[in-house]
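Both of the next two complexes hold chain A, though its partner changes from chain B to chain C.
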Partner chain A sequence: MTTKVQMVHGGMTDFNIYHGYPEALVRGMRCSFLSDADYHHLTQCESLDDIKLNLAESDYSAAVADSDNLTPSGFQGVAVQKMVTEFTYLRTQCVEPLSTFLDFITYEYMIENIMLLLKGALSGRNINELLAQCHPLGMFKASTMRSIPTFEPNARGFADLYQTVLVDTPVGPYFAMFLQESSEKGGGAVRNVIEEVEIEIIKSSLIKYWIEDFYQFCMKLGGDTAEIMGELLKVRADTNAINITLNSFGTSLNEPAMRISDRKRLYPSVGHLYPAGTAMLADVSNEEELGRVLELFPAYSGIWNIHSTGNDKSIDDAFYERDVQQLELAFEGQMHFGVFYAYVKLKEQEIRNLVWITECVLQQQKDEIEKFVPVFSFHAPWRGGKKK
Partner chain B sequence: MSEVPPTRMNQQVYKGKKKAAESGHKLLKKKADALKVKFRDYAKMIAETKGTMASDATTAFFSLTQAEYAAGNFKQKVAEGTLTARVRVGAGIDNVAGVKLPVFSVYETGAVADNQSLGLVGGGKKIVAVRDKFTVFLNQLIKLASLQTSFVTLDEAMKVTNRRVNALENVTIPKIQVVLDYIERELDELEREDFTRLKLVQSKKEVAEKLAQAEATKLRKVELLAKANMPNDEDITAQFCAQDDEDVVF
Partner chain C sequence: MADMGTCTTPFCNAGWAEVLSHMSPYGYANFGIAFGLGFSVVGAAWGIWLTGSSLVGAAVKAPRIRSKNLISVIFCEATAIYGVIMAIILANKVKKPEQEAFQFEENWDFPSFYFAGYGMFSAGLSVGLTNIASGVSVGIAGSSCAIADAQDPSLFVKILIVEIFASALGIFGIIVGIIESNACTFPIAGIEQE
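Let's look at the complex of A and B:
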């Protein structure tokens, strides 16, 4: 009689059986990131042709060789396509629960795509244009996507749309929760909600539900994944909360009536700032008060100081730096799923850097070109090296 | 030169015409000078605005790049949203020395910016900066457009005015002058003719009078001589002239 071996996720005994190959793939892909030397060459370029030449020596050689499109958005499209290809390959190679994990990563982009399609449908845009602008990582069945803008923009149509289409998509449950909350508060039908509430607020609410859902999933997995992903998601949630608060000053979200009802609803219920911090954030009405609240949390007081003092760096830059530092740490351990999430996010940062450099070269802004956060750089401040 | 009959009335008419033409010429010259001054002002303003516009454009587009770095691609979101104009351009008319120039003025419609929560999750400040920079850029563009349309219209008006001034100066007034001179000459000649005629007539009359006088004196002489040559026996009857005595009626 065999005793049932308790299979702990991430244990050294069984992780490699199921997930060894995908993890190996990801670690191999880690080498494809642009190195310090690459970044150095790119910042020295004088024109977009030079950039294409330099990229041809890096991992992007195949990608840029085919395209004649030499604009920054062209480069971005090509780079994103490359990442999507790699990701899809990874996805096809894995089994549960890694496949669910990777799907969770794509839900973020799905949410964005759906919002785009819905908003575009409201304004009556052409479906093909809308589809071309969707993020490729967040596509679901083409038939489903096509059918979204074809629904009539009236109350009946939206209710139908929701019941037939959205409910089947993986992000359907988030919509359900959001609509329930909104109708409790406002008592309006589906259509009113989508029309009246601004697209960004809907998206923020959906992202909040996604973060919470993802967090629950990781915690259920246990092991190293729960630890590392938990940390990453908490940081993500806090970043969102702080950004929402900071950027809501001066908009209608900052009015006292709206703060409790609407703004507070956008704060995710995971994260270091929850629950005490978010309760305090809900009452904040200007930057000073926000600063005071953040002083209580040492991790964020440093970032807040950069925002309030430095003119050179903005709070977004500070957040990006902190994110890159933590994501790089995910690669330090083994036997957990964090590497996959970190890979996607770091690739995103690299694409952002690439677009930034190309734009600076195009617009001849040589003094601003250094303002990006390189990935896996030897000169990163947390590696003890001085930034060149 | 041939059609105008050289009368005094015509001379008056043409004098009037010349005066009108000259005063018109003076006024038009004043207008052309005013337009030229305005033209140079506009040219200077346009050069200035174009200079600042180049730097405004670069800052505006660079701030867009920074915002995209911080907030991701938000261009689609702006394009897909409802677009109500927050800033509108009004067309007005400016009067410069009688020339109506089109001007554009900016006014806010007060419509609330639709995408206020665009950078809610990251990059919000940068997006606000983009909005500000592009508003500045837009104002510069509208100002430049207004200046350039005024400039073009002004240019046209100046050309027309200058053409009229030159036409008056080189064609109309000389023509009138020519006609006036002709009339003057003709009138003088007529006067001279009259004068000569009168002189001739006078001299002829004088001659005739002299002759008549000479005749008269001759007759007198003859009479006197006849009287002196009368017989001694006094012919009373010969002496008697019927007409001497009134009472005698024969």
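Let's look at the complex of A and C:
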């Protein structure tokens, strides 16, 4: 006799039946982030040996103890592996609908891995090298991963790739939607060669479908999760839309004919900028016009000003800072799933910080070393502290 | 207006009012005991699994919180104890008549008979329902207490104060229950007339 799987999210009084243990686990992991003192010691290091010594006193002690690879990518590998171990442990402890939620978080990495393999196949890189670069959270079976770069780099090959390999993966539906969309777009104008720039466009489309799917799922869960994840995903979608527009200046995507047909299709249909903002963004042809569109949205005009005044911070840094502020807020309330997503993203930010610091130490660039965004820092601008 | 379905002979009840007022006070009293104990235990159990699951999860990364946070579980358990106390007090008050007979004796003290039945029912309900609310409330606060204590030990005592206020709700129930049930005594024989 099979029992129906219960998809219970639960409110304040019954969330803990199914999700109390994983939620308390991930909140316990909040203390595993590097603290202000840790960052201070790390920025004072003179060599990568010192960095390893300092990391051995933080939560990374077990992770770095076994590794002898003292390079920035070595540290990154170790840190990513630690996060993957923690995430896998969380994933094994949870039930529906939390397990589907955590799976959604991994789909993003799956899309990135597949695109990495396709891009690498185009430039003829070694398959083993590519597999080593893939993110562990988004891996399929080894045989599946190895078969992806073997397909031909044209529209026909892509359709074959979907039919034989990708349709069985969890991200299959996104590829199906993409293939359907590109066949609708035009019989004669279908691109016959998948070049590097178009891999980026395919990736943007797939990420768009993923964000929309994830958003619908969170809205269906309702409660605090819908509220918090809705906000986080909307901001993510807007960031993507702005980045797509910004990166398209100077490429063929910025031509007036391509803007409406191609670039507009890449904007997600969730987000504060949708629908009025994305309609305006579709017509933008240079940075000045982009600035004028973003002036209308107070949340993004601040970020755009940072970019346009052209001081030390790039627009990516401004986006990261804003993201960290919002993700930290997800830890403020209890009994919702937003903490899991926030935990993964904040760990990613910490790994980025680690790589930045180790690169600066390696290249002896002490004045650039402070340009990272610490997580849960007491000196954060939104906590009333002054940025060092 | 008489329905086709309702029976109107003298053997049938003439509506819910008659059903409720004709239920035996013994029945009312014993139901009061059952509700009092049952609802209290439901509230206590609810609170314990709310706080226990968070306690176990938070203790993985911060094992030092294990012993201190068992206080939250003890607060929840206290609500069940109130239910047991009330049930024992009430159960001791339910007495059967001295003489076995088909009908009650003459001069049976019906006023205090009915008073005892209704009073004990209400005492049991007051304890049971307040303890559900108290148990759930302590459970939610206890769950947050365990998670916060894992991050910052100085928060423990402050959140414990919230839990103390939450468990005071159960005390209100048992106080009212005891006051109410004090006046209830089941008669065991007819009133003697000189």
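Just so we're on the same page, the second predicted complex is superposed on the first by the 344 of 388 C-alpha atoms of A that agree within 3 Å, B and C clash if a C-alpha of one lies under 4 Å from a C-alpha of the other, contacts with A are read in each partner's own complex, and residues count from 1 in each chain.
By our rule, a residue touches a chain if its C-beta (ideal position, glycine included) is under 8 Å from a C-beta of that chain, and two chains touch if they have at least 3 such contacts.
Treat the numbers as computed from the prediction; the structure is a model and nothing was measured.
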Superposed partners chain B and chain C on chain A - clash or fit: fit
Touching partner for A:K119 - first (chain B), second (chain C), both, neither: first
In the superposition, chain B vs chain C on chain A residues touched: B
First, second, both or neither for A:T251, with chain B first and chain C second: first
Angular separation of chain B and chain C about chain A, which is computed from CA centres of the superposed model and rounded to the nearest 10 °: 160
Which of chain B and chain C A:M12 touches, first, second, both or neither: second
Which of chain B and chain C A:R352 touches, first, second, both or neither: first
Contacts of A:R91 with chain B and chain C, given as first, second, both or neither: neither
First, second, both or neither for A:E23, with chain B first and chain C second: second
Touching partner for A:C31 - first (chain B), second (chain C), both, neither: second
Which of chain B and chain C A:T239 touches, first, second, both or neither: first
CA minimum distance (chain B, chain C), superposed complexes, angstrom: 29
Touching residues (chain side chain A, partner chain B) in the complex: 116, 119-120, 123, 125, 130, 133, 198-201, 203-204, 207, 239-240, 243-244, 246-248, 250-253, 266, 314-317, 319, 352, 355-356, 359-360, 363-365, 368, 372
Touching residues (chain side chain C, partner chain A) in the complex: 46, 49-50, 53-62, 136, 139-140, 143-144, 146-147, 150-151
Residue ranges of chain A touching chain C (in the complex, touch as defined): 12-13, 16-17, 20-25, 27-32, 334
Residues of chain B touching chain A in the complex: 58, 61-62, 65, 68-71, 76-77, 80-82, 115-126, 128
